[in-house]
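Two complexes, one shared chain (subunit A), two partners (subunit B, subunit C).
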Partner chain A sequence: MLSKPKIIWIDGVSCYGCSHSFYNYPEIKTLLQKIKLLYHPLFPTNEFKIQKCDLLVIEGAIKENFLRMDFDLIDLITQMIKLSKKVLLIGTCAVYGGIFGEGVLFNKNKKGIFFPFKDKIIAVPGCPPHPEWIAYAIEMLIENKKMLLDNEFRPKEIFSYTSHMGCIRNEYFEWKIDAKNFGEKEGCLFYEQGCQGPFTHSSCNKILWNEVNSKPRAGTPCFGCTERNFPKKNLFMTEKFMGIPAEIPIGVSKRAYLTISGVAKSLRNERLERKLIDEDN
Partner chain B sequence: MSKEEKKLEIMKTALNLFAKQGFYNTTISDIAKEMGMSVGNMYNYFPSKESLAKELLIYTSKKFGEEIRKINEIEIPSKEKIKKIVELYFKMAKSEPELVDYFMRVYLSNKEIFNNGCEGMLCVSAFVTEIMIFFEEGVRRKELKNQDFFAAFGLFMGYIGGLAFLFREGILGKDLDEYIEPVSENIYNALKA
Partner chain C sequence: MKITKKIITKIEGEATLKLHKNQNIIEFAEIEFWQYRGIEDFLKNRHYNDASVINPRVCGICGHSHLIATAEVIENALKIKITKKAKILREITVGLEIIQNHIKWFYLTLFPSIKDIDYFKALEFSRDIAKIIALIAGQFPHNSYAIAGGITSDLTNLEIIKIKNFLLKMFERYQEIMNIEGYSKDLEILFEDIPKNIGKSLNKFLVLGNNLFFRANGEIKFVNEEKTSSFNKNALYNDKFYEVGPLARNLKNPLINKIYEEHKDSVYTRIFARLYEVNLIFEYLIKEIDKIDINEKNFIKPRNKNGKGKISIEAPRGSLIHEIEIENEKIKKYNIIVPTQFNLANGNKQNLSPAQAALINEDEKYADFIFKCFDICAICVSH
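On to the complex of A and B.
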């Protein structure tokens, strides 16, 4: 029998939210049986030591003059990347910088320090990433299966979707009907409440959280937590220029978007203007 | 002459008649007579007077929208764009006064004609969209104040539309061209950041 793939999971500047998300993967026991986890900051493993591995997982941002396990963080990552066959970046901090500053692959809009190692890196951003996304990437990597990646090194299987796709409020979006308050079943959160779903790469409304729900479904806007510019300010408010959303859905020109919005607003879907519970037909 | 060209000819003829004598006082047979066509043949091009009125509105809005789009695509500050839009509108009011008349006297005054298929902004969206883009880019570039769209739209279009109307009524003491400068200045002062 072949030996199990060796994995080392290290943390930079992190809140461990990504690890905690991974704990919620329902099939975690089965997955852990397939691998040899040489080190993880929270799981019971052996002490960390610099050594070769099949897969290096990095959680958290990077920072200069930051000590981790008695190593300078940047030195530690440099040595470990060189010793690893593949590298999986977990979470928006590790990929872009996120909450804590600078990412391994990118520094917000710029290339990051470790960009030259891009050929062995897979990025799974999210704050946190969904447990299924993390597990998917690990499974594919340990089985040496090819993942199609986009130009930010994210698996297309997960990140070619937007979190808008599959949202149960899509009809309200089509007819330009706003949600009046948070937590309501009716209305779209894009126009007033700050929802970033139409331009956020994620499959939150395809692979549901806790297998039951997503933020927009429950009535809270998507915060765009998988994107390089996360976190923005005023997450509960849509930035608008003269009443027009500052950011529009990806893949459509502003002119086309405004035209179709004007058409939808000029017509009406009366059913959607009422409370769902008051609907008898 | 292709069918499309013929349609355009009919629309131009109808535009003149609608602008001059109003929608209700103009009959399909008036338009046919002016065109030298039979009434029956007219119906091959437009199924009703209402559909002719609707297509005219879409045509006018597109034409005006295309001109504003050209201005939107020039790399100049919003202040200069305002002047170009005012200039464009006033020039149209002078060279094609029937367009302004049609818009004011037929479209805005007889909305019931347009209830079927021109609800809201449906038939004027080509032009309204360009004004939206003009405002949005002005605010994005921090040249214009971020405010409610219709508060700004009403101020801009209501103002220049009003001036064009006064011009057509023969009330303005001066030529419309002489108002380009002061009107643009006023609009800019009202909209600037």
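On to the complex of A and C.
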């Protein structure tokens, strides 16, 4: 029998949201039985030591002069990347930098300091990433299965979707009916409340969070947390240009988007203009 | 005298513990945190609502308390009153976050530091708790459903019924971990090889939040911070150290008080209070959910654009303080004081913090355990 793949999970500048997200993976026990987890910052494991491994998982951003377990963080990552066959970056901090610093692969729009190791790196951003994404990437990597990647090294089976896909407010989007306020069932959050769903790569409205819900379903806009420029400013407001959202759905020209919006608005959907649960009708 | 330096890990980050010893007995302890992330500076000049996205990222295990504190401090600054319905739903999600925290802390942090245990049952439990939070708030961890003025979600009775039944089921399941009489088989197993009466501390308790059924015994205006040799800032009350957390806020509960009378503020009492608090939170939430009027508004749009605010809520590890200055809807200043800054402060020999006092005169072999009994959140300290 082949020995189990050895995994080391290390943390940079993070909040451990990625780890706590992974803790909610329903099949976590089954998955962990397939591997040998040599180190994890929270999970009960042996003490950390610099050693070879099949898969290195990195959670958190990098930052100069940051101490981690008495190592300089950047030195620690440099040594560990060299000793690992493959590297999985978990979370927007590790991939792009996020709130806390620079990413391992990118520094927002620029290449990051570990970009030269890109051939052995897979990126699973998200703040936090969905537990199923983390599990998917670990399984695919330990079984040596081929993953199609986009140009930011993200698996296409996850990041070809937009978080708009599967949103229960989709009908309001179709008919260009904006939400009048927070805390209401009606209206699309794309026009006023800052929702980034139509241009955010993520399958969270397809597979749902904690198996039951998502931010837009709970009336919270998508903040684009899987993207390189997360977190933008004014997250609960839509930036507009001549009355239309400055950023429009991926794949549509501004002119086409203006045309279809105008048509949808002029044709009106009377049902959607009323309260969803209405005492009078 | 000998000094040993030890890095304590798996405490939602790490801390450096320097033990001054005479033989094996601890004479003094220094507690240092060497990480810093700069969240408060990151918030400057942003719209105040952005804080409802940034602040949960202070912490992956108690970030929801930071979210609720954020919404409340902005409401305090802008003089906003939210509806009773929004308030109850926030109480439910913050209460549930405390529960998932305690379960993970007991089975994944504390227990494995002493002996092996099947912690997957604990993960299953905390996962189901997270599911109830998600029904209300969209997801867990890191949702932003609480914003100044109320909440973003608009539930129907269908979800309310589901949440209520889920709470009843989880309360029943919790009886296997610790029942309402206070019996816990796992707690007994944990203490088979450890004395119950070690880790006695200052015997001084502070509660600043008034959420859930907790009642403050002090006022936040008397809290001050002082710099230390590492990145941690000590939190003091009237220049003195106090213990915050589940033991402090539940001392009046008859059962917890009985244990306290017998074992004082020892490791056992501290752990017992934390585990038993879960029962009290379940009971409270099950009653509260019936008080929801589904027809009330979820959100009221704020009108004011300027103000200063300071609030405290009881978070998993104790009193959490948020402070804000808003100018023309933008954040001018933000300050966060976390419970671990009280409990794990680095005082001197004349003025010891709760964790330092708990370690002194104890055998070095129990240092890690005594330390972890405070349920440390190193990542929150390094905000």
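The rule we apply is simple: the second predicted complex is superposed on the first by the 278 of 281 C-alpha atoms of A that agree within 3 Å, B and C clash if a C-alpha of one lies under 4 Å from a C-alpha of the other, contacts with A are read in each partner's own complex, and residues count from 1 in each chain.
Throughout what follows, a residue touches a chain if its C-beta (ideal position, glycine included) is under 8 Å from a C-beta of that chain, and two chains touch if they have at least 3 such contacts.
Just so it is clear, the model here is predicted, and its values are computed rather than measured.
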Fit or clash between subunit C and subunit B when superposed on subunit A: fit
Partner chain(s) touched by A:Lys206 [first = subunit B, second = subunit C, both, neither]: neither
Which superposed partner A:Lys36 touches (first subunit B, second subunit C, both, neither): neither
Which of subunit B and subunit C A:Lys118 touches, first, second, both or neither: neither
Touching partner for A:Lys254 - first (subunit B), second (subunit C), both, neither: first
Which of subunit B and subunit C A:Ala246 touches, first, second, both or neither: first
First (subunit B), second (subunit C), both or neither touched by A:Ser19: second
For subunit A as apex, the angle formed with subunit B and subunit C - C-alpha centres, to the nearest 10 degrees: 120
Which of subunit B and subunit C A:Ser266 touches, first, second, both or neither: first
Superposition-derived minimum Cα distance between subunit C and subunit B (Å): 18
Residues of subunit A that lie at the interface with subunit B and also at the interface with subunit C: none
Subunit A contact footprint on subunit B (complex, rising order): 119-122, 125-126, 128-129, 132-133, 135-140, 144, 146-150, 152
Subunit A to subunit C touching residues, read off their complex: 13-21, 23-24, 26, 28-29, 41-44, 47-48, 66-70, 98-100, 127-128, 181-185, 204, 209-220, 223, 225, 231, 233-237, 277
For the subunit A and subunit B complex, residues of the former touching the latter: 240-244, 246, 254-255, 258-259, 262-263, 265-267
Of all residues in subunit C, those that touch subunit A in their complex: 7, 9-10, 12-14, 34-35, 37-39, 42, 46-47, 49-50, 52-54, 57-61, 63, 86, 104, 108-109, 112, 119-120, 123, 126-127, 130-131, 133-145, 147, 149-154, 156, 297-299, 301, 379
